[in-house]
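Quick one: the structure is below, questions incoming.
Chain naming follows the written order as A, B, C, D, E and F, and within any one chain the residues start at number 1.
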Amino acid sequence: MQRADNRKFDEMRKVKITNQYLMHAEGSVLIEMGNTKVICTASVEDKTAQHLKGTGRGWVTAEYGMLPRSTGTRKQRDASRGKIDGRTMEIQRLIGRSLRSVTDLDKLGERTIWIDCDVIQADGGTRTASITGAFIAMAEAMKWMKDKGMISSIPVKSFVSAVSVGIVGNEILLDLPYEEDSSAKVDMNVVMTDKGEYIEVQGTGEDSPFQSEELFKMLALAEKGCKELNLLQKEIIGDLE
Amino acid sequence: MQRADNRKFDEMRKVKITNQYLMHAEGSVLIEMGNTKVICTASVEDKTAQHLKGTGRGWVTAEYGMLPRSTGTRKQRDASRGKIDGRTMEIQRLIGRSLRSVTDLDKLGERTIWIDCDVIQADGGTRTASITGAFIAMAEAMKWMKDKGMISSIPVKSFVSAVSVGIVGNEILLDLPYEEDSSAKVDMNVVMTDKGEYIEVQGTGEDSPFQSEELFKMLALAEKGCKELNLLQKEIIGDLE
Amino acid sequence: MQRADNRKFDEMRKVKITNQYLMHAEGSVLIEMGNTKVICTASVEDKTAQHLKGTGRGWVTAEYGMLPRSTGTRKQRDASRGKIDGRTMEIQRLIGRSLRSVTDLDKLGERTIWIDCDVIQADGGTRTASITGAFIAMAEAMKWMKDKGMISSIPVKSFVSAVSVGIVGNEILLDLPYEEDSSAKVDMNVVMTDKGEYIEVQGTGEDSPFQSEELFKMLALAEKGCKELNLLQKEIIGDLE
Amino acid sequence: MQRADNRKFDEMRKVKITNQYLMHAEGSVLIEMGNTKVICTASVEDKTAQHLKGTGRGWVTAEYGMLPRSTGTRKQRDASRGKIDGRTMEIQRLIGRSLRSVTDLDKLGERTIWIDCDVIQADGGTRTASITGAFIAMAEAMKWMKDKGMISSIPVKSFVSAVSVGIVGNEILLDLPYEEDSSAKVDMNVVMTDKGEYIEVQGTGEDSPFQSEELFKMLALAEKGCKELNLLQKEIIGDLE
Amino acid sequence: MQRADNRKFDEMRKVKITNQYLMHAEGSVLIEMGNTKVICTASVEDKTAQHLKGTGRGWVTAEYGMLPRSTGTRKQRDASRGKIDGRTMEIQRLIGRSLRSVTDLDKLGERTIWIDCDVIQADGGTRTASITGAFIAMAEAMKWMKDKGMISSIPVKSFVSAVSVGIVGNEILLDLPYEEDSSAKVDMNVVMTDKGEYIEVQGTGEDSPFQSEELFKMLALAEKGCKELNLLQKEIIGDLE
Amino acid sequence: MQRADNRKFDEMRKVKITNQYLMHAEGSVLIEMGNTKVICTASVEDKTAQHLKGTGRGWVTAEYGMLPRSTGTRKQRDASRGKIDGRTMEIQRLIGRSLRSVTDLDKLGERTIWIDCDVIQADGGTRTASITGAFIAMAEAMKWMKDKGMISSIPVKSFVSAVSVGIVGNEILLDLPYEEDSSAKVDMNVVMTDKGEYIEVQGTGEDSPFQSEELFKMLALAEKGCKELNLLQKEIIGDLE
């Protein structure tokens, strides 16, 4: 099978990351994975989450949105509908969990890092691009905190990146654009650390269940993709200490 | 490690399924997995989902709720808050996807099966119990449809069941009650068919990332649990033809 | 006129009350009146209502809900609609008022008792069943408080029960199931103490106004029903001191 | 006991009704009962309620509101809160039911009469004043319909009026202003036809249960008040034929 | 061109202002400009706006509403729709800004004056009538505060009034009723002080852009109207010192 | 007075317009005015507004949003608050009106052009930048429609651009960045055609009223700014025929 953009089955789309993309946020990144473009910002608030008040621990939380015309057909704004849709909720919970899993919330102190991922243009893989970009924005915001003397070291244990994999026809493919994603029978998102550990594994066979063997192959492809992204992240952020 | 209720690491809690639990619904089940109790109903509506109108295809959709005092601390009603929380959204989307993955929506015709899973008492694993119970309620509703002549055969390709697995301390455990779940460092929900295929695999290492080997062990345990539930389902529903 | 279930005009449906129905709530009851089944729980919160802060007085408040498939046709969840409907509001206000009327809020101290009545299966008379069951759940929660040393005696002045009466055709009937209720021209709900006093009298002749004489006959029937329920309540709870 | 405004126990406040108060509505009334002032309008819509479509029957429905500063302390707008409070829901349902009980919905045809009752100034008894005033506005709107040839006769079977009664201290009083209402131990609203029949009887002993004898005395007082209001209504509207 | 009500192009409609219209509010006015009738109240709250807490400054804020049948066709209540529409928001922000522009918020102290403008009957120019009436209600509430010793002088720098002007056909007209307003190609609202200064100038050529010369002529007409309203306000309130 | 960025009082910030910024929208522009950056898209829907159905006329409507971290302090998402704030409503109504004023809705046919303006980075003047950018996006979408044969000519009568002017200290300034805007005593937004006509004039003296003379000077400055923007627009779009 020939992929739409002539990539090999295990080849990532072209990734471009613009750091310090916006002037106001403590950390901000424009991440482009092929035609998918997401602005990720990290904002530092001097107050922890309600349920952690008085514990000395901080919090990392995320919100996700799509510009109405980031997609082929205009998507109604959540603000106009008066509520957030289920897919959006799912994604923003995933981003928050992924970043918290590598953050030392005690060292962060009673502060909140708000992550905002806003999709400017969507072509598949927006949630995984959001995680990969948001990690950089968070790291930048932590550097800013360290420069201000708010923390003495960057409270992060590992790098975090994410990719999608899936089964289209009979092929297992890495990093699916919308065209492939919409015809995939199995769709999987994998979030990993730079040490090769899993943070999240979410595989869905809505159109058709899948076999163990297929699962294992998808996981191997995902690992390859995540590693490549980790390298890019390290080039931009450098070491976290 | 001794489990709270003296079970072995690979042992399920006691499962009790009461079929035809309510008088009004086309299918209704009370499923009890240990202290977790969920009422699952299936309701047949003579209209398909908006986006399928005119296609001849049907739809299966799910809603999930918890009674305010199903939990240790009273949970505010979504209706009083005026919106559904993110966890609830995530769960009801999962239940719907899981059941659709084995349903032949073309054979269902332009109808909707509404699944309602309401947790009466929660002690861990409510989303997986919901899927296992909802599958039976859906099958019963389809039998009712067949008896009415609305369909000529049960449009279901496989049985569906689900369990949770997780890592508590250093132990990989099957079917976690709340006490274990709340201290687990990795939490995984697995939805499978009776043919041993995966429908959904969702593993989360919020408190700590996990290794491949751990992932594979969890998947093996989950398979054991799902198979046991499939047997129980078959005793109750019989063959689907 | 023959009643649907062969009862006499002044005969209650079979009542079954399961006390301590759930593991988490301080008080919990499953009340069944014929086919109507309601779970009533009482939850103790260590904080009084906003408007009573600093007065030393407590509060009793109630919420009411119906499972979507408790009724013949699936009822959309309030949570999905994003607001509570008028009938539900009316009922939960009635339950709260009825229980407060016999509670010594000063003796309760600055605490709130949350009553939740959730209809599992509806066949007429859900609001009156809710009040009768909720009274027991509240009394159980107060016993729990007394055992914990939070209060020195049960702060309740009288027992409270409730029934519906109505006029169907030309007959005045006690305890109407849905079939009778939906064709009644007058519908009345009466809440009484075990001392024969009225707490609430709500009679509605939406389909047709009614005469004084009919009102008085309905009140007499209601008194008979409420007394029978008081006896059952006393068997379960015993004396309140 | 001396009443605040020197009235006798069975004396109504001064009632003033201004018919055709507003220029746009098909029927509009300003009703003043003492200091309580309510604008009642009736609007004719050429479409019946959703659930009656195709039956040939019409509908009467009501909405109720209070201007923010109709009360002693400014009341937040429902529109700002984003939802209607329970008391408002209860009242608007009561107004709608009361008017429907005397309307021949078949003769009305597939139309809706929208009743709006907006309290300009509140001093007790706003819901009963609303019903009394709304009946006139509805009758006026029906005359307008008859003049337009939409109906051949006024589809109303009886006049409808309403008053509040209550027990303050040991006295049973008619038509309570806010000062009396707020210290009443029993509060009752009664809606009657001009033929002396009951449409609604709602008695509440939130602060203290009440006896049969007290109930009967309250009903007798209410009947006296309703009759006086019917006379006023007839002076304004004349016969309905 | 003959105006609908025979007025000259630069003639205001008949204005009638009833001061102290309601019993509860600290300031209340019924303002009638032709058939447009608005109730304006001012309520004093002993708390400033959230963002001014601790600054010693007060706040003036406004809300605006229309009775459902103030208009030719019944307008759905914002409370029923669950949200405030854009036009209402725009108007209430305008009223608040206009009154704040002449108020010395420091002298007001940490208090809020809530302005409520409720349209009883609409016939064009409701927002400008609201501003003119609300200014009087606010001044009355400030007098009440001064009488109570809460402030030592009336913290207002100038009188505020407002009118609409517009272009209908080729004529520039003052104070447009609905009939003219709905066919106007340019619509302008002007808020001024009694010293001839502008507070707000809002001109809109939705149906057709307009020339400088037209703008200047409209401003001149508006000034004439505002001055006449200032005189009326001064007759009612007297001097503010 | 020295302006923050050394501009002269009548000098615009540097403007940069990137046409065809996004792949999915029929028209899309990134407009940068100094540090203010707004993405404007135009989407064509094959359906007119509800109130124009059957008239043969089309509609142009606009929505406006700010990314949470487009501003110095993170702004909560409207979607999370569950409602759109008043300022946003005001702005999106202004954008829609401005574009409709030059569009021939009859020639557009029964279609809607949805304008979305999303602020990526805010530094004053976001609403005027939105209008200037949205005009180009709309024109591009109309060219797309013409290419598809949906319309035979571009149904636009004039070019539309907008700028802000204001009084800071004693100086009247063109095109205010946030720093100047937040200390301005008068703030004015002007929308004009390329023929020198006004579409909207909105001047606000919240902190202090202003004189006629000041108004006229501001209008003159605004005209200068709008003309410069029109030239840029023409370079990008060319003639509209």
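Things worth noting here:
As a convention for this text, a contact is a pair of C-beta atoms (placed from the backbone, for glycine too) under 8 Å apart; a residue touches a chain by one contact, two chains touch by 3 or more.
Composition by chain, UniProt nomenclature: A, B, C, D, E, F = Ribonuclease PH.
Given the structure is predicted, the values throughout are model-derived calculations rather than measurements.
Among the remaining chains, none touches subunit D (Ribonuclease PH) as well as subunit E (Ribonuclease PH). By the document's definition of touch, subunit C (Ribonuclease PH) and subunit D (Ribonuclease PH) have no common neighbour. Counting the residue numbers that touch the partner chain, subunit B (Ribonuclease PH) and subunit C (Ribonuclease PH) have more than half of them in common. Rounded to a whole number, the gap between the C-alpha centres of subunit A (Ribonuclease PH) and subunit C (Ribonuclease PH) is 51 angstrom.
Per-chain Cα centroids separate subunit C (Ribonuclease PH) from subunit F (Ribonuclease PH) by 59 Å.
Counting partner chains per residue, subunit D (Ribonuclease PH) shows two or more touched chains at residues 82-83.
Subunit E (Ribonuclease PH) contributes residues 22-25, 28, 35, 39, 41, 43, 45, 63, 65, 67-72, 74, 77-80, 82-84, 88, 114, 116, 118, 120-123 to its touches with subunit D (Ribonuclease PH) in the complex. Residue ranges of subunit F (Ribonuclease PH) in contact with subunit E (Ribonuclease PH), taken from their complex: 83, 86-87, 89-90, 92-93, 97, 100-102, 158, 188, 192-193, 195-212, 215, 219.
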